Amino acid sequence: MTQQIGHLIDGERLNDGASTQPVYNPATGEVCAELAMASPQVVEQAISSAKQAFPAWAATPPAARAQIMYRFKQLLEQNQDKICELITLEHGKVLSDAKGELARGIENVEYACGIPELLKGEHSRNVGTKIDAWSEFYALGVVVGITPFNFPAMVPLWMWPSAIMCGNCFILKPSERDPSSALYIAELAQQAGLPKGVLNVVNGGVDVVNQLIDAPEVQAVSFVGSTPIAEAIYERSASQGKRCQALGGAKNHAVILPDADLDVVTNSLMGAAFGSCGQRCMAISVAVTVGDKVADALVAKLAPKVEALKVGPGTDNSNEMGPIITGAQKQKVIGYIDQAIEQGASLVVDGRTKSVPQYEAGFFLGGTLFDNVTPEMTIYQQEVFGPVLVVVRVETLEQAVRLINEHEYGNGTCIFTRDGEAGRYFSDHVMVGMVGINVPLPVPVSYHSFGGWKRSLFGDLHAYGPDSVRFYTRRKAITQRWPSRGVQDGTQFSFPSYSEDD
Amino acid sequence: MTQQIGHLIDGERLNDGASTQPVYNPATGEVCAELAMASPQVVEQAISSAKQAFPAWAATPPAARAQIMYRFKQLLEQNQDKICELITLEHGKVLSDAKGELARGIENVEYACGIPELLKGEHSRNVGTKIDAWSEFYALGVVVGITPFNFPAMVPLWMWPSAIMCGNCFILKPSERDPSSALYIAELAQQAGLPKGVLNVVNGGVDVVNQLIDAPEVQAVSFVGSTPIAEAIYERSASQGKRCQALGGAKNHAVILPDADLDVVTNSLMGAAFGSCGQRCMAISVAVTVGDKVADALVAKLAPKVEALKVGPGTDNSNEMGPIITGAQKQKVIGYIDQAIEQGASLVVDGRTKSVPQYEAGFFLGGTLFDNVTPEMTIYQQEVFGPVLVVVRVETLEQAVRLINEHEYGNGTCIFTRDGEAGRYFSDHVMVGMVGINVPLPVPVSYHSFGGWKRSLFGDLHAYGPDSVRFYTRRKAITQRWPSRGVQDGTQFSFPSYSEDD
Amino acid sequence: MTQQIGHLIDGERLNDGASTQPVYNPATGEVCAELAMASPQVVEQAISSAKQAFPAWAATPPAARAQIMYRFKQLLEQNQDKICELITLEHGKVLSDAKGELARGIENVEYACGIPELLKGEHSRNVGTKIDAWSEFYALGVVVGITPFNFPAMVPLWMWPSAIMCGNCFILKPSERDPSSALYIAELAQQAGLPKGVLNVVNGGVDVVNQLIDAPEVQAVSFVGSTPIAEAIYERSASQGKRCQALGGAKNHAVILPDADLDVVTNSLMGAAFGSCGQRCMAISVAVTVGDKVADALVAKLAPKVEALKVGPGTDNSNEMGPIITGAQKQKVIGYIDQAIEQGASLVVDGRTKSVPQYEAGFFLGGTLFDNVTPEMTIYQQEVFGPVLVVVRVETLEQAVRLINEHEYGNGTCIFTRDGEAGRYFSDHVMVGMVGINVPLPVPVSYHSFGGWKRSLFGDLHAYGPDSVRFYTRRKAITQRWPSRGVQDGTQFSFPSYSEDD
Amino acid sequence: MTQQIGHLIDGERLNDGASTQPVYNPATGEVCAELAMASPQVVEQAISSAKQAFPAWAATPPAARAQIMYRFKQLLEQNQDKICELITLEHGKVLSDAKGELARGIENVEYACGIPELLKGEHSRNVGTKIDAWSEFYALGVVVGITPFNFPAMVPLWMWPSAIMCGNCFILKPSERDPSSALYIAELAQQAGLPKGVLNVVNGGVDVVNQLIDAPEVQAVSFVGSTPIAEAIYERSASQGKRCQALGGAKNHAVILPDADLDVVTNSLMGAAFGSCGQRCMAISVAVTVGDKVADALVAKLAPKVEALKVGPGTDNSNEMGPIITGAQKQKVIGYIDQAIEQGASLVVDGRTKSVPQYEAGFFLGGTLFDNVTPEMTIYQQEVFGPVLVVVRVETLEQAVRLINEHEYGNGTCIFTRDGEAGRYFSDHVMVGMVGINVPLPVPVSYHSFGGWKRSLFGDLHAYGPDSVRFYTRRKAITQRWPSRGVQDGTQFSFPSYSEDD
C-alpha cells in the first residue's frame, strides 16, 4: 500500500480524503507516495488556524520566539540524514547535494535566530522640541509561501523562519513533486515548540494557490518558481492589493576571460552546470568565452568530463548526477537539445541516451555540451533546467556583458578572471541581481538577500536576509509629544514643520 | 489672454499644441490658466529624454549628485514666496499653510542630500574562507510619480529628490488642478544644475498615466491619491511586472481620553480638521470621544470655534481656511453633509452656506461639525476631503481602537491623553501606519517614512525616508573569491555552503 | 582535603603550584576551596596561548565561529543547574536568582550567535568615478576581561562571547571570591568546540591584572568593578596606548511620583533593593519620594516587608536573601548603617543583627530601611553594596532629577509613574546611562548595550550589545580603484576630492 | 604694524593682551602676524562660554541645528578663495592644494548636515511583554579639539561640525603655525547662525592644551598630531577619566607589484610623496618595490620627475611644491637626509640645496629620492614629514606586507596592481587602518571614518564619519513598561529576564 502524504494543519498531520496525486521516485520511475490535494475546506482550515494563532504569536516577544528557532536548528542538525533521504527519494539529487541544500537552509534558520536585532526600529529624539519619533515593524498577519521542486527543503526555509520570527503565521504550499522534506521539517518546528497554527503546510496545485492568494486573511505572498507563474502570481496578488515577491526563471552566464585558470573554470562549471542536473535557478547554463582560444581550450577540457559524468541514483554518493525530476521534464530537455541541433548548435557531448543499469525506468539524462550556440537559438533563450551547458563565443568582455544584459532573465552570473578591473567592470555593468567573481554559484549567504533582476524577480524586496524582514513586516511610524501641564498651544492651521521650535 | 502651462521635457518648457484643460483659481472661481494635456508624442519625448539621461546620471557618484540637491535647497528657500503664491493661486490654501507645506517638502530635499550615507550597502568579509560578499544598490532607470492636488509642492518632493539621488531619472505627472508649483520647482532643480532629462514633468490625465505605466522603459511607479485609483495603478503596474507604491485614502481618527486637556485638544483639532479645508490625507475627520462627558465638553468647546472659522482667499494670511479645490468637490462635500443629516447625525455647525464677500464665485465652504455620528453613516465611512469634523462617541479606549481598526483605511490617527499606558496601548494596538500621541497630524519627519496600512497603501515600502531609498533601488549581491595562483579547486557538485572552510 | 581551583590555559585546567587563597561559602563562613593565584609564568602561558591561537581563529569565517556559540548555548542550558549551584555556593545568592543571572548571560551568547550580521561593514560604490570604498572590522588580537564577584557567571558572558565572536582571543580574570562558575562555563565553551587558547581563564589578584594590562600582546581591557579600580585600570591601559572600557560603581535612585501605584512600587523596590543583598551594580539603593505623602505611605508599606525578608542560605529557594559575599563586606555595610544613624538618618528597619539558625557563621545581614536620608550623609554618597534602602524626600520631580544628576555616579535609575510627560521629562533630563520607566532594574537587553554615565563608566563604548562589537574590533577603511588599461592619470599634487569626477 | 591674530570666544574675536608668538609666511620666511597665546583667563572664558551655551544648544532639535550647517557649507563655498589664501599664506602649500584640502573639509560639513539620520537610536518593541527598550545618543557637553599645522582648515572640520551637530559645544585649539584659516572658518560658522559659545577658538601652546584637558567641564578630547604628543594627550585625558581619540604619526608605504603600470605609479607617487612637501599624515614616504626589475624601472622614471619638481611660493598655482612649514622643520628634514646618506642609503635626487629665486629666505626644499633604503635606517623608521621618498626593495608581496606590519605606525598604505588576489591579500593582511588599492592617498570619504592602527591612533573610535558621531555622544538605554491599572506584580527578587513572559 502506498504511503499517504497529507497536510500539516494546526499542528497536526491531516490526510485529506479528497483527490490525490502520485509522487514519484525519479530514480526508479515508480510512484513512492500518494499526495493529498487539499480541498477548499482544508485550505480554509489552514487559513483559519493561522488566523487564530496570529494574535498570541505576534504578541510574543521576538526574543522568546527566537528560542524556538534555536531548538529547531538543533533538531534540523540531528535529523539531517532523515531529511536528506526524503529529498533524495522524491527529488532525486545526490545525498551529498541534499546535505548542501539543507546546510544552506539551516543558515536561514540561524539568521532568523537573530530576530531581536533584525526587528529594531529607528528612534529619533527631538524631531521637534520635546517631540520624539520612532518606527516599529509589525507582523503582517497570515502570509503564504509557494515553493518549487528543485530545493524542496531549502526554499521553504528561505521564507517561513524569517516570516514567523517577524511574528506572522505562515502557510506553506510546497511543490507537488517532492513535498515530504518540507512537511517533515515543519513537524520538527512543532517539536521545537512552535505553537500550533503558526506554520501550516497545505499540499495541492493551482487551485490551492489561487484560494490562498484570494483569501482576505492572507496579507502577503512569496513565490519561487518559473517566470510565467511568478508573473501570474504577482499580478493576482496585486489585483487584490497585496504585497508579493515572486522569483522566477534564470539563464545564468559564466564569463571566462583569457586570464582565467581553465582547470579551475572547468571544475567550477562542471559543478555549477551539472550539479543537481542543472535544476537550480542559480545553475550556470551558458559559458561565455572571451576569445576563441579560450573557447577551444575550455571545450576541450570540458568534453571528456561531461562525457564521464557519473549518473545514477542519488542514494549513492559516488554519483555526480541523479535523475531529472519527472519523465515529462526529461522529454522537455531532450526536446531543447533536439531543437538546438536543428538550429545549428555544435553538439559536443550528447546526454540524451544515457541509461543507468538497474534504473532503466528512472528519469536519467547524461550531461550535454554544446558549442557555438548563438543568442537566436531556443536553447539560449529558454531556461532548460536540465544538464545542458552551452558555450557562446564572444570577442570582448564588453560583448559578454551586453549579451547577458540583453537576456530577459537576470538572476545570477559569474566571471572567471584574476583581473581586478575586469571583475569590477563586470559586477558594475551586468544587470543581474547576484554576481560571482570567481564564484560560480553566487547564492548570497543568509545574512545578505537573494534575488534577481529583470524577469527573474517581481517585487521590490528580495528573498531571505535583510529584505525578507522588511517584506514580512509593516512599518508603523509613531510621533509623540507629551502634554505640558498648563501649557496651551495655539491652534495650528498651517502644516506643521517639526524642525522649527514649536 | 490666458496663461499656458506646459511640460518640462529634457530641461525645457514645452507647450504642447494638443488639447488643453482649464486651471481654476478656486478663490475666485475663475480660470487662471490653460493646461496643456500631453499627447502620446510628448509623453514619448519625456520617456526618451529620461532614458537617454539615465546612464550618465546613474554613473555620477552619489556625492556629486548631492551637490545639486544642496543648491536646490537654497533655491527653494530663496524662491519660497513665489512657490507659495503658485500653490495658493491654484490650490486655494492660505499662504502660511502653503509655506508649511513647502517647508516639509524642503525637509525631503535635505534628506536626499544625505544620499552617500543612505546608499551604503553591507559588506561581509570572509563569508567563507577568503570569500567576501557585499550588496550594492542600483538605480532602477526611469521611474514615474503621479501626485495629487492637495499638496502640489510637497508630494512631488516626497518622491523625486529621493528617486533621482538614487540615480534614477524621473517623470512627474502632477495634478491637473494645480500643476504650476511643481513645474516651477522642477525648473529650480534645473537651475541648481540637474542635467536635462533627469527630471521631466508631463501634464495630463488618465491617458498620460496609463501610457507612462505601460511604457517598457518605466521601472517603477509612485502614486499618491484616492484609494480606487491607487488600487488600479497598483494592479496595472503589477500586471506588467513593475514595482509600485500607491498611497490612497484616509479617515483619520483622533481619540480623546478623559484625562486630556480639552483646550489643547480643541485647538489641535481645529487645525487638524479644518486646516487646508480638511483636504489632507492626514487631516483628522473623526473625533472619537471616550465617555459622554468628554464628548459634551468637547463639542461645546468646538462649536463656537468652528462657527467662527475665518474663511476667505488664501492670499490673506489672516484667513484660517481658503476655498475647496473645485466647485464639483464643494458640491460633493455638501452632498455628504446632506446625507449625514438624513442618516441621523446631529448637525452642530453647518458650513454649507458660507459665503465670502467679494469672492461669491469662489468655492468656499464653512466649517461643519457633527455630533453623534455612527459607523454606519456614509459620512463616517467615506473620505470627505472637506472641512467637516464628526464626533463619534464610545465608552472605552478599547472600543475606540476597535472602531478605528474596523475602518477600511489605516493612514493616520492620534490619541490625546497624558497617560503612558493609554498611549502605548493605543500605538501598539491600532492598525494604522502613522500614529500620533498628542500629535494631531503625525506626518513622520523626512528621515522616517510615510505610509498607511490597510487600504491606505498598496505596496510594501512607504514613501520618502529610508523606505524610499529601498524602493527606488535594486539590490545587487556580489560574492567574490580571487583565485589562488596554482591552486586547483576540486569540482563541487554539491550545493556550496560558505560557512564551511572551502 | 579542600578542592583546588586552578586556571584554564590552552584548553586545559591547570593547577598552578604557586600561592593560593581561600574561597568561602558565605552561607556557612567556611572555606570551600583553595584558589590558585597565577604566577607570572602562568599569566605568560595564558598570553602566549591566546597569541598563538589568534591567527587561525581570526581567519575563521564568522559564520563558522558562530556554530560554536550555538552549541555553547545548548550546553549552558543543559548544565544550568550545575552552574547555578556553583554560583550559589561561592557567591551566596539564592538559586532562583542565580538562574536569573545565568539566563541574562545566555542572552549575551545568543547575541553573539548573530555575529555575521553584526560584523557587517559599510560599502559605498562610486565614492568617486569607478572608486569604491568600504569598511571592515578586524579582531584586535588578545583582549582581557576583569570581572567582579557579584555576577560571577553573567559579567564574563557580557564580554568574552562577543569578543571571541569578533575574532579575538580572550583572557578572563574572574573575581577571586567566586571564580568557579566562570571557569566551569569556560570549560563548556571548550566542549562546544572552541579551539584551545581562544579563551583562557587566569585566577589571581592585582598583580595578575597589572601583568595582563601591561603585556604588549594585550590590545584591549574590559573591566567591571568599583569606580576607584575602574579609574586605575582605565588610566593604566591608556598610559600604554590601549583601549579600555571600565565600568565602575553606582548609586541607583528610584523616583516615586504621587500617581504611582504604591503596591507595585513596594514590590518592585523590595526586589530591586534587596535581591542578591543589594550586591548589584543596578540595585536600587535610594528611593526618592516626591512629596511627603508618598514618602509616608511608601515607608509604611516597605517597613513590614523589609522586616519580614526571608534570609538564609541561597540553596533554599524559599529564601529571599542569601548572605553577603564576605565577612569584611558585612562589617563594612554595618559600618555604613552605624554612620547613617550617627549622621541623623531615621532607622526604620535594622538588619544588622539578623542571625540565621544553623548558619550562625554565615555572613548574613537582614534588610535595612532608612528614612529622611539627605545628600550629605555618607550612606547616600557611597555605594553600600548591601541590603540597605534609603529614602530621600523631595518635593518635585525637578528636585529629584537634580539630586540624581548631582551624584557622582550615573549608572541606572528608574521612575514610577503613569504620566507620560513625567516619564519623558525624567528620561530626557536624567544624566544616567540606563533609565527605567516603571522598570526597577533597567538592565538593557542583550541586543542593546550596558553602561553608565559620569563616574560609573570610563571609556566611550558600553558593554555588550552593539557597542561591544565596536569595542572589540578595529575599523579598516579600504578605497579601491582598478587601473584602466592604457589610461594614464595625470599626477595629482593637490589633495584629492573623490566627489569630483576624477 | 603686524596683524594680530586673536581668539574667538563667545562669538567674538578677542585679542588677548598676554604673550604673543610670531606666525611666519614660510614662502618668504617673514613674520606675517602675531598670534595671541591665550592666558589661563582666556581659556577659562572659552570654557565658560561653551558651558553656558550647551544646555540650549543640546536641546535644539538636530534638524534645526543642521540648518546652520547647510548655510555654513554655502559660506565656505562662497569664501573659498579667501580661506585658501590664508592657508597658503601661513602654511605655504600651493593654492590648488589648499583648495583640495578645503573641498575635503566641506565634505565633512555635508556629512554633518545629515545629523538627524546619524543620531537615530535603536528601538525594540516588546523586549518583554509590553516592555519596550530603545537607545538615545546624547551630547557630551564641552569637547575639545587640538589640530595640527598640516591641514589647518580640514582637520578642524573633521572634528567640530560633527561634534556640534551632535549637540556639543566645542573648543578648538588650532596649530600655532597657521591658525588663521580655522579662525576665519569659525567666524563663517557664526555668520551661518551658530549661537555664540557653541564654537570657540583658543590659540596657544602646551599650557593651553593641558588646561583644556584638565578642565572638569571638558568631556572629551580629539587630537591629531605627532605620536608622542598623541600618547601624552591620550594618557592625560584618561587619567582624568575622559574619553579621547588621539591620532598620531605615520609612515605610509606604497607597494608596487610587477604588473603595475609604472607610468601611473610614478605619477601617483609624485603627488602622494611630494604634494604639500610630504607634510601629510597620509603622504607616501616609502615605495616598496617587489622585485629589482620594478625597482630599477621605477627609480629611473621617478628620478627625472623629482629633479624637475617645480618648487616655489604656493600663491603661484604652477608650482608643484611650496615651502616647508618652518625653518626648523626644514633643517630637521635635511638632518634626516644627511643621516640616511651616512647610513648607506643611495641618494638618487638631492633636494637639500634647492633655492627659489626671489624667495631665498623661504623655507624651501627640493624633492629628494633615495634608493636601497633598509628598515634599520633612521629615515625609514622616522616620520620625516618632508619631500623625501625612499625606495625599499623586497622580493615578494608577503615580504612587503611583513615589512609594513613591522613598522610601528599603521596609518595608511596602498598597493599598485591589477591583480585581484594581490589586492585582496594585501588589504586583508596589512595591519593598517586605511588601505588603498591603486589609490595612493586612501583618505576615506567623509561618510566613512579616518583612523590608523598601531601607534598611529589611540582610542577605539576613528575620526569623522560614523565613528565620530559615536565618539561625540553618550548612549542612553531606556527600558519602559507602563503600569497596568489594577495589576499587581509579584515582588521579583531574582534577576529579571525580559525574554520570559513577565
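Which chain is which? They are A, B, C and D, in the order written, and residues in each are numbered from 1.
Going forward, contacts are C-beta pairs under 8 Å (C-beta built on N, C-alpha and C of every residue); 3 or more make two chains touch, one makes a residue touch a chain.
The model shown is predicted, which means the values in this text are computed figures rather than measured ones.
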{"item": "A-C or A-D, whichever has more C-beta pairs in contact", "value": "A-D"}
{"item": "Chain whose mean Cα position lies farthest from chain C", "value": "B"}
{"item": "Cα-centroid distance, chain C relative to chain D, in whole angstrom", "value": "35"}
{"item": "Distance between chain centroids, defined by C-alpha means - chain A, chain C (Å)", "value": "43"}
{"item": "Intercentroid distance (Cα basis), chain D paired with chain A, Å", "value": "47"}
{"item": "Shared-contact residues (touching 2 or more other chains) in chain D", "value": "63, 107, 116, 120, 122, 124-125, 127, 131, 134-136, 418-421, 423, 437-438, 445, 447, 480, 482-483, 485, 498-500"}
{"item": "Chain C to chain A touching residues, read off their complex", "value": "63, 66, 70, 73-74, 107, 110-111, 113-114, 116-118, 120, 125, 130, 132, 419-421, 423-425, 428, 445-447, 480, 482-485"}
{"item": "Chain D to chain A touching residues, read off their complex", "value": "59-64, 67, 116, 119-129, 131, 134-136, 417-421, 423, 437-438, 498-501"}
{"item": "Residues of chain A touching chain B in the complex", "value": "94, 96-97, 99-101, 103-104, 107, 122, 124, 127, 131, 133-135, 154, 220, 231, 234-235, 237-239, 241, 243-244, 260-261, 263-264, 266-268, 270-271, 274-276, 280, 305, 320-321, 416, 418, 423, 427, 432-439, 441-445, 447-451, 453, 455, 458-462, 466-467, 470-471, 474-483, 487-500"}
